[in-house]
Amino acid sequence: MSLTEQIKNKFGDKIEMLQRSKKRIYITVAKENAKEVVRYLFSDMGARFSIATGIDNRTAIEILYHMAFDKNGAVVSVRTLVPKPELKMPTFTDIIPAAEWIEREIHEMLGVEFVGHPGLERLLLPDDWEEGVYPYRKKTFESEKENPER
Amino acid sequence: MAKEKIIPIGPFHPLLEEPEYFKFFVEGEKVVDADVRIGYNHRGIEKLAESKTFEQDVFLVERICGICSTSHPFAFVQAAEDISGTQVPERAQYIRTIIGELERIHSHLLWVGLAGHFIGYNTVFMWAWKYREPVLDIFEVISGNRNHYGMFKVGGVRRDIKEQDIPGLLKAIDEVEKFCSMLTKAVMDDPVIQARTKGIGILKKQDAIDLCVVGPVARASGIEIDIRKDHPYAAYDKVNFDKIVMQDGDVFSKAAIRLLETIESVKIIRQCLKKMPQGPIDADARDIGIGEGIGQHEAPRGEVIHYVRSNGSNYPERHKIRAPSFMNVPSFKRTVIGQSISDAALITAAVDPCYCCTERMAVVDRDTNKVLFTGDDLVRLCQEKTEKIKGNMI
Amino acid sequence: MLDCLTPRHDVERFGITLVGSPRHADILLVSGIVNRQSIEKFRHVYEEVPKPKLVVAVGVCACSADMFRDSYNFVKPVDEIIPVDVYVPGCPPKPEAIISGIIKALEKIK
């Protein structure tokens, strides 16, 4: 069974799969199911957690968990949206200890709170960096404030 | 003339007396806890990348690191090409491979020199750095610069390797192979180095998997990952070379792997120089298009991965950069706890963070937060232990 | 910069050695940009170097901050924090250029 078939069989409707190329697969999943999907890829399918990317989509923060399948040469990126303004996401450090630093980085750069993280302190920014200023956020224009669903 | 003295601030010596960066907490001789602070060199490159064009970005990311400067362009251009679907010409793929492998040799030799200094073998430091020079000369012949070669662009490479230079380069690479072999044999066969580094700073295989470490750190603990073989790119699927994997996870394994890899790199470069076809070196990519892409490269320290999102303009919407040390540095904590402080400097160096970080170390008293030993003290302790071992062997 | 110490370039033949503390130094080589985390320590190290002292800015980043000027973590160019005597541009400058810059700085105090 191929990689994509195995994942589709396991999660069915819970995920949307986009295969951009032979080695690049993107799975979109709701926030509540993201941890389960990533855990399956990491613990059951033996993928390596390569890194996570946080992106400001203006209405939400998009997080992509990039899972490398070194035996197949493919990278499966699990995409989930963390809606503003709550911006809470469960920590993945209990299933993937390697996620500790990147969750700290996404927290300080984008303002996402990873609930249950052992120590969500600053990683890269100086101690006296202003609270509430998140460098990776996109600029918000006046027109967007009135109509955020643009 | 009186002796003038200089002190560089920056990559070589720490900004002194600061217990930041690598912090070790000790009870007696033993390390009981460790912590690391980073960010001292945070330049906001990911955000800067959004205000620069894809072309300018290549030059920006080249300067993330001076030692493995080509690794980031290597991964970035592939991420951009992943989006645009650009087919990179074959000759360019070979040239990219050659540059990547030359960098591996110079980076590993640099590390061997530094590790030699830490254990008190300053001759190793001077030799390794002396033998790095011919490699940097090869870079200068090909690209015009010893660091930051400016060879990569989206769609190909910026400079060709001239046919008339190839015989000279083959000869030069033979010389490089001679001293890499000599150095490898000298270091691996030395009984003092073996006694000093075997069994020290072990990273267990399960820890290596949980922490998702990469590169020589992973391969030293029995994890057989090497992006060049697992996710083939450039010309790596067209040449023969071995993945170097060991099982013990100690400092000796990490050193041995790096040394043996330099010899594999020479093999790769030689095959590339001989097999490189004639042809264009640039696909002349104009538009990246809308989409997202990922590029990976096996840098000297392990996997570099770049994720790029493009909205169709000349500027990336998002450019995520993950250097291998981001995954490897946290592993130092598990390898150093329970070890003696005289090994702390060496164990930290074995992770091969950007070397400037290894100088920034301190031992701190848990209760008072006072610095007990600075980075220099830790290096001195490391060297003293080697002397003791030598003394016992005579 | 480290290449200057190695046998091929050998800055020691000019009577220059590396020291471990600013208090023993006469010349300060500065590379890279100063960001928010490092600015105070940077000033502190400069104060610790006893007079007479010379500062050589090594590399384009130390000279003018180059492509990192617009970064949110960038503070000011080096020469707006401490006085600089010699600028050695390049990215990176060749070891020969760095040594040449150091010699130029030495001539200032002769």
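As written, the chain order gives the labels A, B and C, with residue 1 at the start of each chain.
Going forward, a contact is a pair of C-beta atoms (placed from the backbone, for glycine too) under 8 Å apart; a residue touches a chain by one contact, two chains touch by 3 or more.
Computed from a predicted structure; not experimentally measured.
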item	value
Distance-maximising chain from subunit C - centres being C-alpha averages	A
Result of counting contacting C-beta pairs for B-C and A-B, higher pair	B-C
Distance from subunit C to subunit A - Cα centre to Cα centre, in angstrom	41
Approximate Å spacing (C-alpha centroids) for the pair subunit A, subunit B	27
Centre-to-centre distance between subunit C and subunit B (centres being mean Cα positions), rounded to whole Å	25
Residues of subunit A whose C-beta touches two or more other chains	125-126, 135
Junction residues of subunit B - those touching two or more other chains	39, 42, 44, 47
Sites on subunit C at which at least two other chains make contact	35, 37, 72-73
Subunit A residues touching subunit C - in the complex, by the definition given at the top	125-126, 128-129, 135
In the complex, subunit B residues that touch subunit C	1-13, 15-16, 18, 39-45, 47-48, 51-52, 56, 59-60, 63, 66, 126, 129-130, 133, 146-148, 376
Touch list for subunit C against partner subunit B, complex	1-3, 6-8, 11, 14-22, 24-33, 35, 37-38, 41-42, 44-45, 49, 58, 67-68, 70-74, 91-92, 94, 102, 106
Complex contact set, residues of subunit B against subunit A	38-39, 42, 44, 46-47, 82, 210-213, 225, 230-232, 291-294, 296, 303, 305, 307, 309, 317-318, 320, 322, 326-327, 330
Subunit B contact footprint on subunit A (complex, rising order)	20-21, 23-24, 26, 48-51, 53, 55, 64, 66, 68, 70-71, 73-75, 77, 96-98, 100-102, 122-126, 135-136
